[in-house]
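Look for subunit A in each of the two complexes below; its partner is subunit B in the first and subunit C in the second.
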Partner chain A sequence: MATTTAAVTLTSDLLSAPMSISATTTCMKAGTTADGLDQMEYGYVDIASGTAYDIIGNTPTASKASKLYVKNHSTDETYYVSVVLDAQAIGKLYGGDWMFIPADFHDGNADIEITATGGTNKICYALFHEGTTLVAS
Partner chain B sequence: MATTTVTITLSSTDLLSDELALSTTATLTKPGTSTGVEYTTGLSRKKINATEKGSSATTIYTADDFAAIPYLYLKNTNVTVGNKIFIYDDSTSGDPTWLQLDAGDWGFIPMHGDKTLRAYAPNGSDPILEFMVIGTDQ
Partner chain C sequence: MATTATINISSNIAPGFSGIQESMTLTQAGTITDIDSTTGLQIRKLSATGAVDLVTMANELVEPKDSVAAKMYIRNIGYKGVIDKSIGVTIGVNAEPIGKLYGGDWMMLPLTCIDADDVTANPETDDTVVLEYVLYYEEN
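Up next is the complex of A and B:
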């Protein structure tokens, strides 16, 4: 089985005492602690401003485990992208921001759609999953 | 000015034929600026008792409590696989589900901030959710 880990560390001085939070998860298939997610899609794309594009069109199997990572690599801090999961706007990533979620792909049409604003945004994305519904050509 | 950073590391030695090692850091700033965010709810820890969507589900973020964009961190601290916590949008018709956090799962997302989010645990295992919002108060 494949073993993929995702770790996060959040640090801040905005409180009167330093704050540091860490978490690590191993990306497992649904319902098991013995079998890791063994498939992934990965991409690095330029997305022109104004039009919505699907970055994940092959819908992960509903009720299975999926982990979605998206980063906006734009260096202009005024650029941003809106991330839409199954027609619901869930994330808004300005230049430099990233997101990582165990997404709920509960629907056969639950694609991931991105709309860029400000200019051409550079987007890196990865989807770790245990099976998708491939789109027939 | 406060400095808040969040780093993700994705790694695997056997998912691909080559090693996967991705690490990146974001500095949390007010939208469109390089000024650091200044407010947070602090880290909260709540038992998720509700087993379905509705008024008994735990509110983890109230729409427009923060100016766009609030950053949301979540972790299901439960250790038994299958004891999931579902996060759904309580502001939109149909209460669409956004995330499903299985035991040990965490998530981090910069949000639009205009939706109320609630949590429930469908199998009644009362898992504990840790969560925090960081952003700009309004």
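Up next is the complex of A and C:
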């Protein structure tokens, strides 16, 4: 079985006692306990300021258990990308920030769209999924 | 006063893929100043289908600053120690579905914290499931 695991460690000293959370998940196909996600897309792109781009070219099958990782590798902390899903602004990834989300791709408009600000942002992404419709040449 | 998050992804899907190991320090927007506010770690038990707010932005005791560098961590921790990979909870922002967290799944997402952009959770079944979550933000 293809196996993909995603672990996170979150630590913070904002509270009176330090907080530390560690979690690991094995990324399975939607609703299953025995079959892991078995396809992936991994890339690194420079995105110039101003224009909105879909980060994923071939949208995976809708409403599955896809997982998406995106990191802004820009070294300038003032650079950022805005993340938008189906015209809904989600948030911003500044230089050095990453996100990891379950990506639903529930309809044709539900692509993950990013727009760079500040300069050319360097974006690394990885999508783990269970199928996509390839575009015939 | 630092808050850090480290991700480690391993996968044998693609030959030669060596995995991802990255860390970030949560900072205020456009600066290297550490982020300074949090809701603290919370849990929410859900036992019925239907969307509920995990965070109602307009009701936060301390108003988060809009459209900056907020981050939120959410995990489906199952119920009473039982984590069911077949039970999912759809997480959304302002009614827009982001994706479904199955048992044990977690997410880290940036947020606008605009009043309308509430973070919602919608279980796909009536089975009881618990979400743990924490929001880091800048005070307005």
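Heads up, the rule we're going with is that the second predicted complex is superposed on the first by the 133 of 137 C-alpha atoms of A that agree within 3 Å, B and C clash if a C-alpha of one lies under 4 Å from a C-alpha of the other, contacts with A are read in each partner's own complex, and residues count from 1 in each chain.
Keep this in mind: contacts are C-beta pairs under 8 Å (C-beta built on N, C-alpha and C of every residue); 3 or more make two chains touch, one makes a residue touch a chain.
Everything quoted here is computed from the prediction, not taken from an experiment.
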Overlay on subunit A: subunit C relative to subunit B, clash or fit: clash
Which superposed partner A:Tyr69 touches (first subunit B, second subunit C, both, neither): both
Partner chain(s) touched by A:Leu14 [first = subunit B, second = subunit C, both, neither]: both
Touched partner set for A:Thr25, first subunit B, second subunit C, both or neither: both
Interface residues of subunit A shared between complexes with subunit B and subunit C: 2-15, 19, 21, 23, 25-26, 28, 30-33, 37-38, 40, 65, 69, 71, 77-78, 80, 85-86, 88-94, 96-104, 106, 126, 128
Subunit A residues touching subunit C - in the complex, by the definition given at the top: 2-15, 19, 21, 23-28, 30-33, 37-40, 42, 63, 65-67, 69, 71, 77-78, 80, 83, 85-86, 88-94, 96-104, 106, 110, 126, 128
Subunit C residues within the subunit A interface of the complex: 1-14, 17, 20, 22, 24-25, 27, 29-32, 36-38, 40-41, 67-71, 73, 75, 85-86, 88, 90-91, 93-94, 96-102, 104-112, 114, 117, 132, 134, 136
Subunit A to subunit B touching residues, read off their complex: 2-15, 19, 21, 23, 25-26, 28, 30-33, 36-38, 40, 65, 69, 71, 77-78, 80, 82, 85-86, 88-94, 96-104, 106, 126, 128
Subunit B residues touching subunit A - in the complex, by the definition given at the top: 2-16, 20, 22, 24, 26-29, 31-34, 36-40, 42-43, 68-69, 73, 75, 81-82, 86, 89, 92, 96-102, 104-112, 132, 134
